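Each of the next two complexes has chain A plus one other chain: chain B in the first, chain C in the second.
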Partner chain A sequence: MRKYLFIYKSEVMSSLQYLANILFGFLGYFIMLFIFFQLWKYLYSDPDSVMNGYTMAEMVWYVIMTEILWSTLGGKNLCQKISNDVKSGNIAYNLCKPYSYIHYALFSHLGSITIKAVLYTLLGLVLGFCFLGEFPNISFLSILLWIISSIGSLAISSLFVIFIGLFSFKIEDANPFYWVYSKFILILGTIFPIEFFPKILRPILRYSPIFATTYGPANLFVHFSFQNAFRVLIAQFIYLGIAYVLCYFVYQKGVKKLNVNGG
Partner chain B sequence: MLTAVKNQGRVSFLSIKYALMQEMLNRVTFFTNILFMILNNASFIIQWIVLYSIQNNVGGYTFKQILLLWGIAAGTYGFSHFFFENAYDLSQIINEGKLDAYLVQPKNVLLSSITSKVKTSALGDIFYGYIMCFFAGLGVVDILLFTILSIIGGITLTAIAVLLGSLSFWFQKADMIAESGNGFMTNFATYPDGIFKGIVKVLLFTLIPVGIVNYLPISILTEHKVEFFFLIFLFMIAIVFFAFFLFYRGLKRYSSSNLMSMRI
Partner chain C sequence: MSVIEVKNLQKTFRVKKKESGLKGSLKSIIKPTYRQIEAVKGIDFTVSKGEMIAFIGPNGAGKSTTIKMLTGILYPDSGDISILGLDPKKERKKLAYEIGTVFGQKEQLWTHLTPYDNFKFFGAIYDIPEEVVERKIQELKEVFELEEFLNTPVRNLSLGQRIRCEIVASLIHEPKILFLDEPTIGLDPVVKENIRSLIKRMNKEYKTTIFLTSHDVGDIEKLCKRVIIINHGELVLDDTMENLKYHYLNKKMVEAKMKEKVNLEEEEGITILKDKGYNLKIEVDTTLKSVADALKLLNPDNIVDINISNIPLENIITEIYKKEEEK
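Coming up: the complex of A and B.
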């Protein structure tokens, strides 16, 4: 485990060199939050009205929290990196190294997004305050559980993206699969809470990865309860296992067929 | 003059043709890219179905108009990225000294550089635009109009990308400005202008001309406002001239990095 923590630490230090890139990324993040704020302001003609259990302020905070997770993840880059490692044969260099490629990819990616996560969270809170004029009434414990569940969410999402990136063992370009997966998470988990979908879909969404990766952590911030927190953490524990097993099997199967020309 | 334009057109066409042939070497990847881009765009319909279940009218747009807005956004984006993908990498090309290869060609440097790469998935965007037209119930004449509007919008988007990319002749970190600027154009493109007010709305029709590329074509398609057609056409001409002017002005400052690489 120490070697993976070292990889994580190295990536955190390395990402500090690219602060300008992160700061420019704020622009896109700000624009998305601004558009959603305008959209919900338009739909909630009366800000105190309740729509599917959410006031306008709760809805805006929900979107801010999910956008923090979504923008921080940087799934597109991770998928491309894994896909390129497979396509270029770089993955072969990892075979002789004393670490697991999946652990390496996970910890290095989490390291590269840590600074971004902190900065985006701070900016999200500031923007939320600017848009709404107040912070939600939440306790220290709920913030702590929200942070823990957000870390869990990023780890699960990263593993799912690694899993998709490893499809490159089978098909040359795994990116199209990532587009569909990311839109599935974006539409069904980031823009709206589960309560906005038809009743028939809600149980399916509650058992899907959306609950563990976006809806669960964001809902903890907006509607905190210990029962909710317990459910989210259990779901994350299960999905972390599922995502890891999926990565492990695709990697094991793919690496056996690996054929690298040259050196 | 006419012969020169004809020759340049032929060279650009061949450039796109060979770039496409290169992309088609792996057929499975080629078709997967197109199909999944259509699915990717289609997934956003869920968002609008949910929003229209709350209200019948979002930002002054009916559901049919939202479908057309998505159609125009996909069509313009697809046209621009399929034919002129390198316009979006112009900053990188300038910063890395890769313009050398186009400078030695006896043709237009800007057109040669921006047409030398195609983005396969953008074909999926173009097809998606027509699928939206079908679901919005457009007739044959309106679909032809949609095609013309997509081409005008696509050329405008390309000119904006060239303008932003050309800033790299002057500033080292202009690639980030270009990326953000192009991102603004796509982020606003799929939301109705009625939800924006005040200064933001003014910006959307001036500094970030999403209104001209995306919102006015909706008025043309649904209300047949001919004056808007001339407006977006004139805007396209003006911005294309400005893009050429800025690129060639910047090109005088360009210095080669003596990069040795092989282009296949």
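Coming up: the complex of A and C.
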């Protein structure tokens, strides 16, 4: 485990070189949140009214939290990196090092987004406070569980993206698959909570990765309960296992057929 | 004691065939056809502990494929490989702790980190205790003269400095065998020489077995005592450098500046390489004519200046490659 923590640490150090890029990304994040704030302000003619179990403030905080996770993940870059590693044969050079490529990819990605996660969270909290004038009712314990579930969410999402990136062993370009996946996550869990979807869809969404990656942690922030936290963490634990097994399976199958150009 | 044993090693690649033009592209989607490329066709060799061996061949000969199978990067189709008693196919991770690899055309260092942080990183991935890594860095820093740029980000280093750091990174875990795939590619002659002397020193001080592939004859000549030549996936030569240089072709090169013109045409055992009147360059096949006889033909009184040398290794290797092409 020490080696993976070192990989994580090295990536955190490396990402400090790109602080300007992160700060530039804030602009898009701000615009996105501002649009949603205006949208919900318009839809909630009375700010105290409740829509599908959410007040306007809860709705805005929900979107802020899912947007933090979404913006932090940087899934497109990760998918492209894995895909390029496979296509260029770079992945092969990891085989003669004593570490697992999947662990390496996961920890190095989590390392590269750590600073971004902290900065986006701070910005999200500041923007939320500026838009709404108050924080939701939160305690130290709820914050702690939200942080844990957010880390779990990023780890699961990263593994799913790695899994999609590894499709490059079979097909030329995995990016279209990532595009479809990201749109599902964006529409079904990031912009709207599960409660806003038709009744028939809700149970499916509750058992889908959306619950573990976006809806669960964000809902925990706005509707905290220990029962809720327990459910989210259990779902994350299961999905972490599923995502890892999927990556492992595709990777093992892929490296056996690996074809590296000679010199 | 053999540290590398290779028996009947084979690898075939399946490459998609595509006809030219749009029609060909569409056809390859609907009904793809493949052709088999036999990259390695049943090669055998062994390498002893502490040897410095050159594994060479022209482009596409199968040397990189072989090195990749030896290091566990590629799975062989058939045959046996034993590296320090380990099978790279089945015990890849275990093997990784015992070998080091430097691929001249592939960066393994993190470019945003300094060499020092990179070495610490490599120490961590090989599960070496921190104090041991620290000691090793200090030791290698001296040997490879890294002091000046140890704390400069890798992206700001020159190619020669980077290659030095790449080699050090692959030595942190004290590998028993070091696989060097074109380590001096793209370097200037001074830096090349520097890298070569460091590799030599490493072999001497740490008794590391060196398995080197290179297109640079200087690397091969100055570093290795044994050479294996591979072409079209088959071993064409496995001999000592001495034998290769002095016995394989049995030829000497004579360059002479003459007082008078000499006609050596149709002389058995002599090939005229260059004849510019008073300046003559000939090749003497010593199996047919001795150098002394060749000099007699030139007439020693007629010679102003003379230089007798072995055929450059580069020519010998090219000759071997060509002979194989003709077969």
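Everything below uses one rule, namely that the second predicted complex is superposed on the first by the 262 of 263 C-alpha atoms of A that agree within 3 Å, B and C clash if a C-alpha of one lies under 4 Å from a C-alpha of the other, contacts with A are read in each partner's own complex, and residues count from 1 in each chain.
The rule is simple: a residue touches a chain if its C-beta (ideal position, glycine included) is under 8 Å from a C-beta of that chain, and two chains touch if they have at least 3 such contacts.
Note that the structure is predicted; figures quoted are calculated from it, not measured.
Once the two complexes are laid over each other on the shared chain, residue contacts for A:Met13 go to chain C alone; chain B is not touched. Residue contacts after overlaying the shared chain place A:Gly133 against neither chain B nor chain C. Once chain A of one complex is fitted onto chain A of the other, the partner contacts of A:Met51 are limited to chain B, with no touch recorded for chain C. Once the two structures are overlaid, the count of chain A residues touched is higher for B than for its counterpart among chain B and chain C. Look at A:Lys256: by the touch rule set out above, it reaches chain C but stays clear of chain B. Within the complex formed with chain B, the residues of chain A that make contact are 20-21, 24, 27-28, 31-32, 34-35, 38-39, 41-43, 51, 171-173, 175-177, 179-180, 183-184, 186-188, 191-192, 196-197.
Interface of chain A with chain C (complex): residues 2-3, 6-7, 10, 13-14, 17, 90, 92-93, 95-99, 256, 258-260, 262-263. Every residue of chain C that touches chain A in the complex is listed here, in rising order: 13-14, 39, 59-60, 62-65, 68, 71-75, 92-93, 95-97, 99, 101, 103, 105-106, 108, 110, 112-113, 117, 120-121, 124-127, 181-182, 213. Contact residues on chain B toward chain A in their complex (touch as defined above): 26, 28-29, 32-33, 35-37, 39-40, 43-44, 46-47, 50-51, 54-55, 58-59, 121, 173, 176-177, 179-180, 183-184, 187-188, 191, 194-197, 200.
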